[in-house]
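We call the chains A, B, C and D, going by the order they appear; numbering starts again at 1 in every chain.
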Amino acid sequence: RPPLRIGLAGHSFMGSIHTQAWQSAPKFFDLPLRPEVTAVCGRDATRAGEFAERFGIARVETDWRRLIESDDVDVIDICVPGDLHAPIAIAALQAGKHVLCEKPLANTIAEAESMVAAARESAGRGVHAMVGYSYRGTPAIAYAQQLVVAGRLGTIRHIRARYLQDWIVDPDFPLVWRLQKDRAGSGALGDIGAHLIDLAAFVTGQRLAEVSALTETFVTERPLPSASGGLSATAAGEERGQVTVDDAALFIGRTGSGALASFEATRFATGRKNAIQLEINGSAGSVYFDFENLNELWFHDHTLPAAEAGFRRIHVTEADHPFAGAWWPPGHGLGYEQTFIHQAVGLTRALAAGRAPEPTFDDGAYVQQVLAAVEASAADGSRATPVPH
Amino acid sequence: RPPLRIGLAGHSFMGSIHTQAWQSAPKFFDLPLRPEVTAVCGRDATRAGEFAERFGIARVETDWRRLIESDDVDVIDICVPGDLHAPIAIAALQAGKHVLCEKPLANTIAEAESMVAAARESAGRGVHAMVGYSYRGTPAIAYAQQLVVAGRLGTIRHIRARYLQDWIVDPDFPLVWRLQKDRAGSGALGDIGAHLIDLAAFVTGQRLAEVSALTETFVTERPLPSASGGLSATAAGEERGQVTVDDAALFIGRTGSGALASFEATRFATGRKNAIQLEINGSAGSVYFDFENLNELWFHDHTLPAAEAGFRRIHVTEADHPFAGAWWPPGHGLGYEQTFIHQAVGLTRALAAGRAPEPTFDDGAYVQQVLAAVEASAADGSRATPVPH
Amino acid sequence: RPPLRIGLAGHSFMGSIHTQAWQSAPKFFDLPLRPEVTAVCGRDATRAGEFAERFGIARVETDWRRLIESDDVDVIDICVPGDLHAPIAIAALQAGKHVLCEKPLANTIAEAESMVAAARESAGRGVHAMVGYSYRGTPAIAYAQQLVVAGRLGTIRHIRARYLQDWIVDPDFPLVWRLQKDRAGSGALGDIGAHLIDLAAFVTGQRLAEVSALTETFVTERPLPSASGGLSATAAGEERGQVTVDDAALFIGRTGSGALASFEATRFATGRKNAIQLEINGSAGSVYFDFENLNELWFHDHTLPAAEAGFRRIHVTEADHPFAGAWWPPGHGLGYEQTFIHQAVGLTRALAAGRAPEPTFDDGAYVQQVLAAVEASAADGSRATPVPH
Amino acid sequence: RPPLRIGLAGHSFMGSIHTQAWQSAPKFFDLPLRPEVTAVCGRDATRAGEFAERFGIARVETDWRRLIESDDVDVIDICVPGDLHAPIAIAALQAGKHVLCEKPLANTIAEAESMVAAARESAGRGVHAMVGYSYRGTPAIAYAQQLVVAGRLGTIRHIRARYLQDWIVDPDFPLVWRLQKDRAGSGALGDIGAHLIDLAAFVTGQRLAEVSALTETFVTERPLPSASGGLSATAAGEERGQVTVDDAALFIGRTGSGALASFEATRFATGRKNAIQLEINGSAGSVYFDFENLNELWFHDHTLPAAEAGFRRIHVTEADHPFAGAWWPPGHGLGYEQTFIHQAVGLTRALAAGRAPEPTFDDGAYVQQVLAAVEASAADGSRATPVPH
């Protein structure tokens, strides 16, 4: 079967899990194209070279423009901080390369809109763009979405979404790029709150119409970092710098269909490590999910007699569950890694079929609109602020 | 030991559990006064009489004024809907009777303020008033408060409070008094949201400075009821009436000390029966509680090495836990009933010592101020609305 | 309605909760007879008198024979250590008094058999006997039994029962009566293992045909106690005595219907306080219960499609659940106390109807037979030992 | 760095996860040798060829003897049914190839002993053997073992181990090779019970001294299968054959150090999919684990004050946890796959260091001795049967 050649921009935490996803997908899924990471790009040639050797990637580039010009690349996979998303993605699409862009789509609405425009334009040429809201690839999340589509929740009344982490509770944790507005766009809001906004829309099929918001920076100065990777880092010395993003963001709102929604994203929830907690209550049933037990979906079927009803713990590893049939027998447990493999599978299948992969840049731009409305509301006394669409 | 004679106003769900509490408290706690329910008052003499017989209460009244005039009553225990709280409480205090008043304190700020004034005045005469935020009597809640006081949570960053029920999800559930603004003051907000506001303030010692809110009534018309009790009811026939209270209320805000807080009260969370979910994250630790497992408090000690830290499930039934030593051996489990027994114990001990029992009417008025601010914010585009104090 | 007059023998932990049960039952259940504790008996008149005052009991006796001779007693409620069960119960039945006898029924098979004989004889005269396996009164347990009866579990394959406590892990915990064979009969086996044997038979309707067993005493000497109550105690001094009962007992076996069963009773399971963990797997479904969350029953319906099946957490507080309708609204939580109230309700209703209350002395004797078979097997190299019946 | 060339025998469920492990390990762990699967062997050349293509393996063999003779293979990885373990492993070791052999080590004690002998002999030549008890590679299990070694559990009193599955509850599930004694050696006992025996010994450092056992086959005839893979299969038609292995096995026993242990392995626990439930109670603390939530270890520290003690849920994804630092940030979750990757890492590091990798064939033979003692006890009225060593 024909290859799908990936050029990877960025090779830290996200770069490594994307590569593992591309390399694992064809082993467990029957795919129409065979993904292969043919090149990796990083500013530091030595570090990029080490990455390439580790993952068996043939070619190393230090300028992303080279990646885009490559003949042996079909997809540009963008795993660099948010300030580079727009230039790389737009250039790639214009050059006829498909794009997978890490989330959040962009640091500003303007960038997001130009990316959407580029994606619309290129789609006419059969060149497609996808934004990396990878948690959609969690089988439990995908199954929750199926339950909603099948009407098992009835009319949705409540969406309750929290993303709780605690990795910067210590005031001496350094000022990594994720805490700098010019690199990251925003803090907990855009980094993890963005996932909530996407997941809520994906599972319920409803978008927020308006939001009222608060944001807060609890620790306003931090030591400058020496080195960092993933969510860990070490301080360089005594010198401190200004934290320019939010530590936490809370917002409430309504969807276009009249459901009430509440969201919270924070890096100060001590004891919560990667707790994406999503509960949806409908007239016919409810679902609850927490990524810290990613193989479980809790489903309450409200149409059963009251005496025998209750939230049931579904271990989402049955052959009939989304993605799960490709893996191990029931009960054996998937991990974070699989969410990216499933993302790669979705992208590969869509491209082979000539379809636009989901989530689209338009989906990504919706998230940006919510993020912007949250920031606007927070700056305006929490006033209810419409989400344009 | 001398008696503490209780006159009970109201004899439905709350009346029965209050009576059980008064009658059970002296069996398990060593009390300086011996509580005794000497009279019960209800508009319907037959039903009040049945109640009196069932609970072994000697005297029945049908006018609460009679109860207040009684010589054999030291405490008026108010278990009637909110519109009667102010007149009964104020008259009782003026007549020299201590008062235990069910929550929420009143249906309006004006009523609440006159009740606070009456309580302040009577306190000078040694006549005391308490508001019935009975969940403070849950050992797990009281232990959480002790952990905060002992500094085990450090600086509090987040308060996350939800009270989730589902008893009116069915649109044919009747229009009981709790769904009528003139009787109940508000809906989920005042009935159950009020508990959240009190509990959050009790456990953290912090009050809300401002709130931004949404409220919603999902089902706006319901059948008129024939009879009701507790949270169940049956419809009378085809006729329908207007629901005049909220079905759900969401609000976010900040405490005076800068913690972020989010609250949700709803009767539309299918599958959640009496889920008072309270999580507090501080710089040194966190607690989590859900009343559906009322004997458990989850505590994360963030000062431990990361490798061995995690939320621990404390079964709050040890001899050293608040209230628990009076009961069964560890692990044997207390119920909802005990929260009222502990409330009765607190009131009895305070009165014997000449102290004002807690929560005070002032605590109750604070809750009313938040409820009013929530309604004001919800009516004003969710704008951040200060909580007066 | 006519009274049902109770004479209580013993007034420590069990005596107090039995009394609370008798006094609470008529307040919440519509009973044909009105239970009333008219007398309490204890060897120490002062302590018995204090108990009587605390619980409002009119008369105090110091000789249980007096209690049996009383005209104002209909039921003898036996809450004393096991060595006194047989003499009191037999004398009471012969004297025409109904009997509620705490578990385990007796310290020896011979005693149990004479008690069963006495109960059979007295039943002909309308005088009935019940053994106090109070955990049957847990709504979740009673509901599990209903599910089995309704066929929801199909053919039962596995019974898995554990009763885990940790109150004597400390080797300096004193040598209380429960650790002395002449008073208690056996250790964890008879004290808590007995409950497991009864519950497993009650829920499944199946009795053990044979068992293979191990028992162990981890700490063989302990300080002599000064005072004790419930499961707590303090040491008197340096002197130590011999522990003459088991600390833990494990056994496996088969029921008459071919299910496999495993049982474990221990007081050395650190961190487990009163963990009665019962799981039953059948061809059509499973149930799981842990008394530390006594309001929950976990039910897996294996007839559902695999993708949506899972253990569901049923909060056994719905109006349609056994006993629960008499109490608070759904989700509000019952405690250990209620299990005894439900036991009192069952006994009262049976006596009013002229029926033998359950569990009967025959049920109690079955448990004794299993206990004896366990001890015999443990003493004989764990050899499979039949349970006579 | 030099390669470590793997020749894989068998390419079904186990073959695929082993290959993924070999290929993933060097991407995330810094290894002294670079593992590479150079050849795969299967009886059916077409199917083996498909596997090779899917996983990018260069060479295909249909006779395992060819594999052993290969110059480009350093390790023979045996993923075929148990009846072939001994011949392949012994031949490989004699040919100077290291061996990784799937569990259980063999179908008979005699085979196991000859494998141990071969491994001892080859070790002198620097040729090593490892048995694939892959669950040791679960970070939570490895961390539990560390807690035991560090004395955090004190003196171990209880080991409670269950492996619960439900994939053959349906009597029409076909007679796959795992249900045939000549292929599989035994049923639930050897397939999944073997894991329990190994895990209990690994975590506690204690081996069983004697066991008393029951085994049962609930469904004695099943349809012949057409095709099968992993734990799923379809029936070929009407014809049925005899089930020659156990469906469930229960055993209790004592370790050499006097701890009490209970074990259960079953494929008839409806609703339990891959529930490896392991609890260990010691004088200073306890741990609890269930593979269905493989990222969690529950730890109770009994040295804390009782009021604040409880089982804490440790998300075993911190940088300081075994293996976890190589993966994602805390809370992101690993899967079943990682246990095999960690096994591959352990083997690679041991071989590079010239050490014998663990678990050794001797560890594997211990498990066989227990399995044999279980079968002997079950056949002899559950009599306590010593485990030779």
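Convention: a contact is a pair of C-beta atoms (placed from the backbone, for glycine too) under 8 Å apart; a residue touches a chain by one contact, two chains touch by 3 or more.
Everything quoted here is computed from the prediction, not taken from an experiment.
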When chain B touches chain C, do the two copies use mostly the same residue numbers, with over half shared, or different ones?
same
Comparing each of A-C, B-D or B-C with A-D, which pair has over half of its contact pairs in common by residue number?
B-C
Per the C-alpha centroid definition, the whole-Å distance linking chain B and chain D comes out as 54
When the C-alpha atoms of chain B and chain C are each averaged to a single point, how far apart are the two points in Å?
35
Taking each chain's centre as the mean position of its Cα atoms, how many Å separate chain C from chain D?
41
Going by the contact rule already set, what residues in chain A reach two or more other chains?
272, 300, 309-311, 315, 319, 330
Contacting residues of chain B [partner chain C, same complex]:
13, 16-17, 19-20, 23-24, 26-28, 54-55, 165, 167, 230-232, 272-275, 291-296, 315, 317, 319, 327-338
Could you pull out which chain A residues touch chain B in their complex?
157-158, 160, 162, 164, 166, 169, 212-214, 216, 218, 248, 250-254, 258, 260, 262, 264, 266, 268-272, 279, 281-286, 300, 302, 309-311, 381-384
In their shared complex, at which residues does chain B touch chain D?
143, 147, 299-301, 305-315, 318-321, 330
